[in-house]
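Each of the next two complexes has chain A plus one other chain: chain B in the first, chain C in the second.
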Partner chain A sequence: MAATVDARGLSCPQPVIMTLDEIKKGQSNEIIILVDTDTSKENVTRAAESQGFTVDKVTSEGEGYRISITRGQA
Partner chain B sequence: MLIGLDRADDAGVYRITDEIALIQTVDFFTPIVDDPYWFGQIAAANALSDVYAMGGVPKTAMNLVAFPAKEMDLSVLRQIIQGGIDKIKEAGVVLLGGHSIVDKELKYGLSVTGVIHPDRVLAKKNLRSGDRLVLTKPLGTGIINTAIKAALASPELTDKVTRFMAALNRDAARIMAQFDIGACTDVTGFGLLGHLAEMVCGSGTSVRVESGSVPVITEALEFASMGFVPAGAYNNKTFREYMVSFAENVPRTLQDICFDPQTSGGLLISVSETHALALVQALKAGGIKDAALIGEVLAYPEEKIWVV
Partner chain C sequence: MNGKNIFATRWGIIGVGACIGILAPLLQKLGNPGNMGICVACFERDIAGGLGLHRAAVVQYIRPEIIGFVLGALVAAYLCKEYRPRAGSAPIVRFVLGVFAMIGALVFLGCPWRAMLRLAGGDGNAILGLAGLTFGIWIGTLFLKNGYNLGRSQTTHTTAGWMLPLIMIGFLVLLLIFPQIEGQDKNGVLFYSLKGPGSMHAPLLVSLAVGLGIGFLAQRSRFCTMGAIRDVVLFGQTHLLSGLLALLVSAFLTNLALSQFKMGFAGQPVAHTQHIWNFAGMALSGLAFALAGGCPGRQLFLAGEGDGDAAVFVMGMIVGAGIAHNFGLASSPEGVGAYGVPAVIVGFLVCLFIGFTMRRKSA
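Up next is the complex of A and B:
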């Protein structure tokens, strides 16, 4: 079961901090992050990749994006 | 009038006599650092920079203040103004007065008046093919300010970036005046490539930027790779990407930094090829240690920016 980080309504750097915190907990190999700006989408992608995660899928959801990331290289 | 609204340059320029032209500019913004005294210094250095970027000498300044008088203690305002005054003094400029209003959001800045010889105005739009490009301050203040907001920057790094932002462009401008300069601007909110794009548009030339030579605050590389890139950088990129091509080997981190909005950034100078090395050496000798040659103006009329 993937962990979910809901960062909608928050502006950067908050979504990145929440993503990094979830990654650092080390309990999830799969995380879903919900954001609602292009900036957050780009920055969460960078945050995930810098920690050895791979962005699997980015889908538009409502006004924002649903980003799913998994630990390790694709 | 030598330079006005139609030219959208760093400051307006108006000829008084054959010997003297007035340079006028105004700039103010909301706090970018927590310390009110340093905020005052940075806001003043930023406002003065537009005069330096035209090749001029600032002479007088007026304070512009918006202050939430109900929510904030007046001592905060005093410290901001003191920061401004100290920076104005350092620049050899006289403060003549100012105006303040009550506002929900704190804002501070200056209107600045300077002088220049009418024949020696350094506009943005005078790139000459063959000129070399020089940048006088390292990039990355926007990214590091984002990391500061996330409480991830060390006190040492916060102090370092604060000092970069508060540094006057006066010495760089004075040194540059001794060389054959084509065009000049200062790097602020549009980032390096955004301001370079303004220089290139309408110039009939293109430019090549050597990304490996661009001075960067080292820590900004790591923070950019972790996703601490301000929204302004993405906006700058979206606005100008039709003009810009990155070579495949330019890492994403460096691309982000090239669009990172700068607060009170350095001067971006185009200098004739024969003077280029001497200018950089003179800048370094004059204490501007980060000054570097970062690229070249090319005789391609397509008005493109190649980053390699």
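Up next is the complex of A and C:
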């Protein structure tokens, strides 16, 4: 079961902080992050990759994006 | 323009920083004040003066660069389908943060952009300012680590996101209807400076074009001077910092090429040498920018892509400039203004109060 981080409507740097907090918990190997701006999408992607996560899929959802990341390299 | 955003890559942000670092000293060469090719705080202060929100005679001019920043970002956001009207994340708090960010910047005499440009022009006082900026941002990161948060924004009407861009278009129209007349300090509703920094400016169309270009590039690259330092302190991430350093290096080289580099502390243009207050003013600004989530430039670019909360921050800065000059808080080359020191202290207390109390965990 993937953990979900809902960062929609939150401004910089909250989406990254929330994503890193979830990563640090270490309980999930798969995390779904919901964001609503392209900036947040780029920042979250960059942060996840710096933590050894791989970005599996980014899909448009509503007025934002659904980013799915998994632990480890692809 | 879908697909990968090349401006958001490492080389993209470096390119944008380098580009700004070349354009700013060129604007100075073409008429803008010393080490002030671009200064978001100073230019918003000049706009406040041009509108008569304060009557400091030496700093009155509707700066086209600021208008360009917002409209350039608007164009970029529309072209790349990133325009997204949103608002409602504690707007009044952002307004107050904008007011004190401006007051801190006017005690130092510059925003983070100008702090870098001052350093690139050889002004040693900028070192104190940048140290203060880093200190203020560091305090901000402590709040961020402890759950500080201004809450979520909501999607809103397209028109709401257009408000600041429309205000900027209004300023431009006023500037065209009531242009500066040689030797006159007023034309129609607009005030102009006959001497001092407000009287020094590059040709209108050049300023506007550079502003539009930087607004476009900065929206695409997410260039942010505060974020550059914050991300290093908070995440150990150097992405935005590489853009800021590129700005510093290219501005330094451009200043050398244009013979605008002059090293020292005393006698620097639009600067004072009161080290403690250069540090403290910028620290207050840095804290306010960190709590608001962006440097003054970034707030303009965000406002251009539809962020109504960033627009409120911008209005806070413009009003803050009015307060700073009307109340004698702003510094001058002679030193800190009559009430500058208590204003910085009050500003810190307000920002700390906001930082400690706004910790609502987002559900």
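Throughout what follows, the second predicted complex is superposed on the first by the 74 of 74 C-alpha atoms of A that agree within 3 Å, B and C clash if a C-alpha of one lies under 4 Å from a C-alpha of the other, contacts with A are read in each partner's own complex, and residues count from 1 in each chain.
Heads up, the rule we're going with is that a residue touches a chain if its C-beta (ideal position, glycine included) is under 8 Å from a C-beta of that chain, and two chains touch if they have at least 3 such contacts.
Being a predicted model, the structure only gives us computed values, none of them experimental.
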Touching partner for A:28 - first (chain B), second (chain C), both, neither: neither
Which superposed partner A:37 touches (first chain B, second chain C, both, neither): both
Partner chain in contact with A:9 - chain B first, chain C second, else both or neither: second
Partner chain in contact with A:63 - chain B first, chain C second, else both or neither: second
Partner chain(s) touched by A:47 [first = chain B, second = chain C, both, neither]: both
Common interface residues of chain A - those touching chain B in one complex and chain C in the other: 11-13, 16-17, 20, 37-39, 42-43, 46-47, 50
Chain A to chain C touching residues, read off their complex: 6, 8-14, 16-17, 20, 36-39, 42-43, 46-47, 50, 63
Interface residues, chain A side, partner chain B - complex: 11-13, 16-17, 19-20, 37-39, 42-47, 49-50
Residue numbers on chain C that touch chain A, as the complex places them: 5, 8, 80, 82, 84, 86, 89, 144-145, 149-150, 152-155, 222, 224, 227, 230-231, 234-235, 237, 239, 293-294, 307, 309, 362
Contact set on chain B toward chain A in their complex: 146-147, 149-150, 224-231, 234, 252
